[in-house]
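For reference, the structures are reproduced in the following blocks.
What follows is chain A paired twice: with chain B in the first complex and chain C in the second.
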Partner chain A sequence: MLTEVRSQIKVTMLSIKYAIMRELLNKVTFISNIIFMILNNASFLIQWLVLYSIKDNFGGYTFKQVILLWGMAAITYGFSHFFFKNAYHLSDTINTGRLDTFLVQPKSVYLQAITSDVTVSAIGDILYGYIMIFVTGFTIEKFLLFTFFGILGGISLTAFIIILGSLSFWFSRTDIIVDTGESLAVNFATYPDGIFKGIVKWILYIALPVGIVNYIPISIISKFNIKLLLLCSIYCILIVLLSIFIFKKGLKRYSSTNLMNARV
Partner chain B sequence: MRKYLYIFKSKVMSNLQYVFDLAGGMIGYFLHIFVFVYLYRYLYMGEKDIINGYSLNQMIWYVIITELIWCILGGRKLCYKISKDVKDGNISYNINKPYSYIGYVFFEHLGDIFIKGIIFTIFGMIIGFLFIGSFPNHSILSIIVVIISCILAMFISILLIMIIGLFAFYIEDSNPFYWLYSKVILVLGTLLPIEYFPTVVQGILKYLPSYVVAYGPAKLFVSFSVNNTIKILVAQVIYLFISYLLCVLIYKKGVKKLNVNGG
Partner chain C sequence: MSNIIEIKKISKIFKIKEKEKGLIGSLKSIIKPKYKIKKAVNNLSLTVEKGEIIAFIGPNGAGKSTTIKMLTGILCPTKGEAVVAGINPAKQRKKLAYKIGTVFGQKEQLWTHLTPYDNFKFFGAIYDLKNYEIEKRIKELNDTLELEEFINTPVRNLSLGQRIRCEIAASLIHKPEILFLDEPTIGLDPVVKENIRVLIKRMNKEFGTTIFLTSHDVGDIEKLCKRVVIINDGKVVLDDSMENLKYHYLNNKIIEVKMKEKVNLSDEDGITILKDKGYNLKLSIDVAKKSVADVIKLLNTDKIIDINISNEPLENIISNIYKGNKK
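What follows is the complex of A and B.
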């Protein structure tokens, strides 16, 4: 079992390594993609600077906490898009029959279908997240917690997207659901939860990976709480298991197409 | 001109077959508005009724109009298409055709967003009415002026994004420039009106594209005045003229550098 997991991780990392090497063929584009993504994220600081010049508190968040929230959203999004880019195209992979390529290989179909390509600009998102730690005051503890929750959040976000993408095994045109799910997760993750009220707040904490992936980690970084940390970890494990279950259930319904495809 | 109108018409007809595809965009648009309604309600809670010359209702209508223009535009797709045309060499197929590539892409994209524009506008007005319960005061003439300003904003945006797409003649991937452009428009005009910025910055913002492609039409919609109309429409016409000239110039210079291998 352990050897199998190790072998699977090795294949995934090799796949990512080759994807990066492919992207590095054009270094100027590679670097400009990263730098422009950092600038792209940084532009929103202006919006918050203007808003905080009117009011000194938004939904219980200070300016530093809001930009840390932005950093957390950036790192989770970046981690997910960098390591699991293809999770966001899962509907397309299923609908076009490109899953055939992964079925014939002696490795996990689940992992192969979501890795094997990277989004270079996502490195910019990850770096932006870390820059925000320095802007808001660097400490080793904050750095470690931020990294931990960044990885945890990235995995949870990916699992959420896989669940939505796997609906393609049963229904057509689920790409709209995936896009909407991603939109929801990203839009709400960058605004303080305190501004939302009633049922919206419940949705953010239960139906969407926003409350537990973004809001709670920020509160833990501000004031450490082991129970909340365990809650986030358990949530991550459960959502990953749920995504594997739904994917495998759907995979049994998958019927191949005549598409000729090869992984090079 | 007839050939371009034909391109526009064919695209409109083709898009009529894919109206369902708009659902995703409409949900995305609704979500943006939803978040901003909550954000602005929080901003105005316990504060003065008017902040920087805008009431809460005006702010919500402002963001409905600016986001509407932005969502209809589909700029990412346009920039990606031009950048890809240049990178893949597809642009060479258009060089020997009896039309200009600039005109072709411009009218093709207009055709692409025409149906979307009508549906999103109706949807935006419904959302606004549901959240606020009333429309800003307007006469038929002022509504016509707002529509003209919105159309000019679209034309300018398309040309500016085409310019960014054509950067692909000089650099491999022009899409990162589009991200930056989109954020300038978003932060400096779409989410907040320029009156929210410090006075020193406001002077600079009036010369940026965000003034003509986002702030201008939305300002006329939420607070119509003849004085503002003249200022905004004049700025839009100047911007339209300059962006068209720049677009043609960059295309003509860039196409000389074009080197297509194989095909």
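What follows is the complex of A and C.
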């Protein structure tokens, strides 16, 4: 079992290494993608600066907390897109029969299908997240919690996207559902949860990986709470297990295709 | 010899959504979808012996790829069971993967930006080979498949023929017992096709690999396989040796003749005129009804300048079997 896990991690890391090697073929694009992503994220802070010059509290968040929230959203999104880019293309992978390649290999189809590519600009998101820690006042504790929740959130967001993408086993094209789910999760993650009320708040904490992935971690970083930390961890485990269950259930319905395609 | 593949009454049924034409048809299909049941593979049984090179052929949509996909664990059968190298592909996909190799001519497995060498290292890791084992195997494959010239060139810069050689090499990195080749020579020029055939034969001889081949190229089948299985509509319609196939189905001879004078010959029982250009004739003779000697007598031997008698091309024989014209 342990050997199998080690071997799976080795293959996953090799996939990521080779994907980075491909991206490094064009160094200018590689670096500019990262820098422009940092600038893109930074541009949104201007609107918050203007808003906080009028009022010093939005939805219970100070300006520093909003910056941290942005940082958390960026690192979560960045981690997910860097390590699991293909999770966002799962619908296409299923519909074009590209799972065939992974099914004839002695490794986890679930992991192979989501880890064989990287988004370079996501490095910009991760760096941006860490810059926000320095902007809001660096402490070791904050750094470690931020990293922990960034990874946890990235995994939870990926699992959520896999669940939506796996629907393609039943309903052919679900890429629009995946795009919508991703947009909702990312957009809501950058606003203080205090501004949302009623059903919207319920949706953010139950249906979308926003409340437990972004809002609660920010509150834990501000005031440590072990119970909430455990809640976030359990949520992550449950959503990953659910995504594996749905993917495996769907895989039994996989019908492949004879479309011509290439691994690029 | 022992059987390495045993297929027992295997079936695969697909439920395909049907749609009437046009936008209205699309809207109707949303409100009231209609489905068609397609039996891609229908109660198919087959055994393959260890070390065999078998041609598994049939027209488009016959169920060849579906069968291969069930044998490699990509698809689960709706009914029946297959045992490949002692393993049920539907139940133990990962375990089976160590024993089989696959090359899908229409689907690329290699990373195109990497060199074949890096690709082989990656595939070696997938099959849990140690670094020294991978290096040793790359050397062996390099010698057998002659990859030296381009082993360090990115795959995207290789010709199609070189790429297919690398695909085959990658699928052999873990020394599989069975190699499934699904149209490996598709799109290749005749010289490269011939090279690939030589390599496949060499692999079978040197490594004892069982080859399960599907191809629309009669040359592949004729030059590589001793046994031919033809399927149509998901069922086996012929399972015979290449020798028997040629012997039993070669009822027709083709006569091409160049005459001194114009000959007036018409279609009659046993003779079909394929081409008539006055002095040059091309005839198809059904030897069960008319002997070749009788036809030559009809033509008048004194007036023949040149004559060529040949067997009907294998392509035609297979095509006739596909159409169900012959049994």
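FYI, the second predicted complex is superposed on the first by the 258 of 264 C-alpha atoms of A that agree within 3 Å, B and C clash if a C-alpha of one lies under 4 Å from a C-alpha of the other, contacts with A are read in each partner's own complex, and residues count from 1 in each chain.
The definition used in the following text is that a residue touches a chain if its C-beta (ideal position, glycine included) is under 8 Å from a C-beta of that chain, and two chains touch if they have at least 3 such contacts.
A quick note: this is a predicted structure, and the numbers were derived from the prediction, not measured.
Q: Looking at the combined model built on chain A, do chain B and chain C fit side by side or clash?
A: fit
Q: In the overlaid three-chain picture, which partner chain does A:S32 touch, first (chain B) or second (chain C), both, or neither?
A: first
Q: For A:Q105, decide between first (touching chain B), second (touching chain C), both and neither.
A: The answer is second: A:Q105 touches chain C but not chain B.
Q: After superposition on the shared chain, which partner residues are touched by A:K252: those of chain B (first), chain C (second), both, or neither?
A: In the superposed model, A:K252 contacts chain C only, not chain B.
Q: Look at A:I140 in the shared chain and tell me whether it touches chain B only, chain C only, both, or neither; answer first, second, both or neither.
A: It touches nothing on chain B or chain C.
Q: Counting only touches as set out at the top, which of chain B and chain C does A:V50 meet: first, second, both, neither?
A: In the superposition, A:V50 touches chain B alone.
Q: Quick check on the superposed pair: does A:I206 touch chain B, chain C, both, or neither? Answer first, second, both or neither.
A: neither
Q: Looking at the overlay, what does A:N187 touch: chain B (first), chain C (second), both, or neither?
A: After superposition on chain A, A:N187 lies in contact with chain B alone.
Q: Applying the touch criterion given at the start, work out whether A:I195 contacts chain B, chain C, both or neither, answering first, second, both or neither.
A: In the superposed model, A:I195 contacts chain B only, not chain C.
Q: Tell me the angle subtended at the Cα centre of chain A by the Cα centres of chain B and chain C, rounded to the nearest 10 °.
A: Apex at chain A; the opening toward chain B and chain C is 90 degrees.
Q: Pick out the closest CA atoms of chain B and chain C after fitting on chain A and give their distance in Å.
A: 8
Q: Once the complexes are superposed, what residues of chain A are shared between the chain B interface and the chain C interface?
A: Common interface on chain A, chain B vs chain C: nothing in common.
Q: With touch defined as at the start, can you tell me which chain A residues reach chain C in the complex?
A: Contacts found on chain A: 7, 10-11, 14-15, 18, 21-22, 25, 97-101, 103-107, 252, 254-256, 258-264.
Q: Would you tell me which residues of chain C are touching chain A in their complex?
A: On the chain C side, the touching residues are 14, 65, 69, 72-76, 93-95, 97-98, 100, 102, 104, 106-114, 118, 122, 125-128.
Q: Quick check: in the complex, which residue numbers of chain B touch chain A?
A: 20, 23-24, 27-28, 31-32, 35, 38-39, 41-43, 47, 51, 171-173, 176-177, 179-180, 183-184, 186-188, 191-192, 196-197
Q: Within the complex, which stretch of chain A touches chain B?
A: Per the stated touch rule, the residues are 26, 28-29, 32-33, 35-37, 39-40, 43-44, 46-47, 50-51, 54-55, 58-59, 121, 173, 175-176, 179-180, 183-184, 187-188, 191, 194-197, 200.
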